[in-house]
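You will see two complexes here that share subunit A, one where it goes with subunit B and one where it goes with subunit C.
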Partner chain A sequence: MRRFLYVARGVGWRSIHNTLVSPAILLPSIIFPLFFLVAFAGGLSRLADVPSFHYAPGYTSFQYVFVFLQSAAFGGVFTGFAVARDFESGFARRLLLSAPRRSGIIAGYAIGALLRWLITGTVVTLAALIAGMNVDGTRTDLLGLLGLGILFNFVAALWGCGLAMFLRTEQAGAVIQMPVFVLLFLAPVYVPLPLLTGWIHDVARLNPATVVLEAARGLLAGSPVKFALALALLAGAAALLAIFARRGLASAERAG
Partner chain B sequence: MDAELSAAPGLLEQIAAVARRSITRTLRQRALLVFPLLFPLILFAINGSSLSAATKIPGFPTRSYRAFALALPFIQGALFVAIATGTDLARDIETGFFNRLALTPLRGSALLVGQLGGALVLACIQSVVYLLVGLATGVGIASGVAGAFVLLALSILISFGFASLGALLALRFGTGEAVQGIFPLLFVSVFLSSSSLPRNVIKVHWFKEVATYNPVSYLIEGVRSLIITGWDSRALALGFGFAALLVIITLGLASAAMKTRLVRT
Partner chain C sequence: MSDGAAAIEVEELVREFRKGPRAVDGIDLAVSPGEIYGFLGPNGAGKSTTVLMLTTLLPPTSGRARVGGFDIVRQGSQVRSTIGAALQEAALDPILTAREHLLLQATLQGIGKAERKVRANALLERVGLTEAADRRVGGYSGGMKRRLDLALALVHGPRILFLDEPTTGLDPQSRAALWEEVARLAHDEGMTVFLTTQYLEEADVLADRVGIIDHGKIVAEGTPAQLKAEIGSPSVEVSPVDGGADELLAELLAGFGTPTHNGRGSVTVPLPGGEAQLAEIVRALDQADLHVASLQLHQPSLDDVFLAKTGRKLEGTAAETADEQPAPGARGRGRRRGR
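Let's look at the complex of A and B:
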């Protein structure tokens, strides 16, 4: 366990250090969510006037929750890019040789993803508050919202790390990113689920990201819904993707 | 020496040779073709359905959000054309191919226009595919068959303008990374426009102002007018006008950058 923690701490520290000293890595992960917040909460706010649109805190809060979770997911995805970059540069191979407990590498990257997202999440939250976001949830509700974000970030980091370790090339970026992007946008992003019609309603109803998004929106509005289900789904996804990431690591070990 | 110079190929032949290489390279790179085609279509499929509730907003110009959203893939596709063109040209600079070309009698203008040949092919393929997908998903073209051809012409002109922008960035910065780094900025310019809602129904004042001053709004509205309105001379004049302006400015600056780049090498 001590060796696991030693490796995890080292990789995590390096990951966050690289993020902080390299604007090319840090800025996109901050700017993109901010841009989505501005584009959606600003440009689409008229959607709140559509009949049957009910979300008490308002449209900025409605979109903030999506952007908050999206930034959490992309914090994880971007870590997958970093893993791929480490493999291309040869650093990951040296890391595999030197790490006394290799599973600590995945944990380290996940820690890096979490710390990176905490910066982004804070900036997005401050921006939303400045833009006039209403928060109706209690402190406990907001802790629940943060918990969902952390779990979502962890799930995405495991996905990104696992796939990057399987593919070991920066060209895997689109393959890592696209499924997460599509999964998120197949949830009720712009309007609540009941206002969606046609195929998108059917898909969104079955999409697990919808449950997480609805639970998070419920927490911000102070009327929690499906929170336990969202936690269970994220925990289940984390367990499955931890196995996937471990297999990715094994694949990288075999490749040498 | 004079005889050798007079035997050098003419400008058109030079353009054709560079364009042939550019087109072949574009067609050989499947990823370059598929991703720019697929991504805007995925967004079209998702947003076309997810935002259908927007048609209930008073003043919304059509009852089909899909028809409203069809203009967007044309513009997003043009952004991808810009990146593809810029990245290809930057690769030529980075690998030294450009330096070797500079030692030949090839003219800078032939090199620039020829390089844009691949972009033009990509733009044509994209525009036709987006239009066919729109028609296949039940979107009607309000301006009819002639309007569809005008739409293709406008779309290709816009793509050419963005391709010239990509070439300009490659020539100025000389690296693919720099060209790719500009992509988020271009993407933002599309979202801060009337891409998702018409300007008259945007509620937030500052956003409406930004969208009004953003030329991308007029490019989108030009394309969109042919789909949902019919023949709107004002929207078309603005659309074609801004597209032509984009071509003139970026191509002019790219030509100047090409001269500098050739002097440097």
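Let's look at the complex of A and C:
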């Protein structure tokens, strides 16, 4: 266990170090969510006037939750890009050679993803507060919201790591990103689920991301809904994707 | 590892790549503690694949190997704690400094915080990178990267060191410095060194014992002196003025021994009767009116050992053989710094 922790600490340290000293890595992960927040919360704010739009804290808060979770997911996705880059540059081979417990490499990348997202999440939250976001949830609700974000980030990081380790090329970027993108945008992004109609409503209703999004919005509004279900879904996804990531690592080990 | 046991033991080790030939084809070898073992062969011979397996980066298809007393398949974690390795490509993170690389490597190996700094400083000093220690390695020269790579391999005090073509691309001064350091590690610190190279001089100067690998098989093994003694006799290399006359030349030289074409029109023939046969060859060339551009007498070298064991010279084989190494950025090289 001690060896596992040392490896995780080393890989995590490098991830966050490189993020902090390299604007090319840090800025995209901050700019994209900020852009979404400004574009959606600002440009679409009149959607709050639509009849049957019931979200007490307001449209900025409604959109903030989506951007918060989206930045968490993309924090994990960007980590997948970094893993693929490490394989292509050969640095991953150094990690495989140096790490007595190789499963610590996955944990290290996940720690890096989390720390990077905490920076992005803080910036997005500050921007939303400056833009007038209302927060009706209690401290406990907000801790729950943070917990959902952390789990969402973890799930996405495991997905990104696993797939990058299977494919071991930077060209894996699109394959890593696309399913996360589709999952997120087929949830009720702009309006609550009851206001969606047609096929998009049916898809959103079955989309597990909808549960997480609704639970997170409930927590910010101070009226939690489906929180336990969202936690269970994310925990289940994390368990499955941890196996997937370990298999990705085994595939990389076999390939040399 | 018990006292007296080999540091590296390999039995019938095989690695096959999908849709490819056997890169490593059932090799056996044993390296004693504190020994420098030179693994010599052209590109594509199976040297790097062997190192990848012994360093647990590539699982073998069959066979078994123990490194530092640990099985490379079942005890990979212990093997990695026991060894240091500098592979062909010094895979470094261009964003990190040399000091940060060393601290990261020490962390991965489970070394405590205070000790990490001490070791990093000592190794930076030893490889002459103290002044450049806090610069990003993206701006380092090839030689500096190689030196850092060696320092990284040593950070946790390994008992066994794998060096995969460590001097490729280095200038003569850096090469000599690295040879000196490798010799010091083995002779002063008792470290076992497994060194792959395609440079005959490197194997000759550094290695206590040499294994010659070709097409995945070990074709000769022994100390450089033993291997050269096996060949016994000197040889003569004759280059005709007319490059197209090599067939005629070979026919003429066949009367003295089995001639070998070296490319560029020259032909080599062994002289079982020693240097005295040189005069006979000159007379035969004169009688045949075959004009000679150069005629060189060679004492037995590792290249001659390679020639005798494989029927080819090490020089030029790189161009004939694709590199088997599945590593990113694997390069083809065909130079020889032979004698």
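Keep in mind that, in the parts below, the second predicted complex is superposed on the first by the 256 of 256 C-alpha atoms of A that agree within 3 Å, B and C clash if a C-alpha of one lies under 4 Å from a C-alpha of the other, contacts with A are read in each partner's own complex, and residues count from 1 in each chain.
One rule holds for everything that comes next: a contact is a pair of C-beta atoms (placed from the backbone, for glycine too) under 8 Å apart; a residue touches a chain by one contact, two chains touch by 3 or more.
Here the structure is a predicted model, which means the values were calculated and not measured.
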Is A:Arg246 touching the first partner subunit B, the second partner subunit C, both, or neither of them?
-> neither
After superposition on the shared chain, which partner residues are touched by A:Leu196: those of subunit B (first), subunit C (second), both, or neither?
-> first
Go through the superposed model and pick first if A:Pro51 touches only subunit B, second if only subunit C, both, or neither.
-> first
Is A:Gly43 in contact with subunit B, with subunit C, with both, or with neither (first, second, both, neither)?
-> first
Touching A:Arg85, do we find subunit B (first), subunit C (second), both, or neither?
-> neither
Between subunit B (first) and subunit C (second), which, if any, makes contact with A:Phe32: first, second, both or neither?
-> first
Between subunit B (first) and subunit C (second), which does A:Phe185 come into contact with in this model arrangement: first, second, both, or neither?
-> first
State the interface residues of subunit A toward subunit C in the complex, per the touch definition above.
-> 2-3, 6-7, 9-11, 13-14, 17-18, 21-22, 87-91, 93-101, 253-256
Touch list for subunit B against partner subunit A, complex = 35, 42-43, 46, 49-54, 56-57, 181, 184, 188, 191-192, 196-197, 201-204, 206-207, 211
Listed in rising order, the residues of subunit C that touch subunit A in the complex are 52, 55-59, 77-78, 80-81, 85, 87, 89, 91-93, 95-96, 100, 104-105, 107-110, 152, 326-329
In their shared complex, subunit B is touched by residues of subunit A numbered 24, 28, 31-32, 35, 38-39, 42-47, 49-51, 53, 174, 182, 185-186, 188-191, 195-200
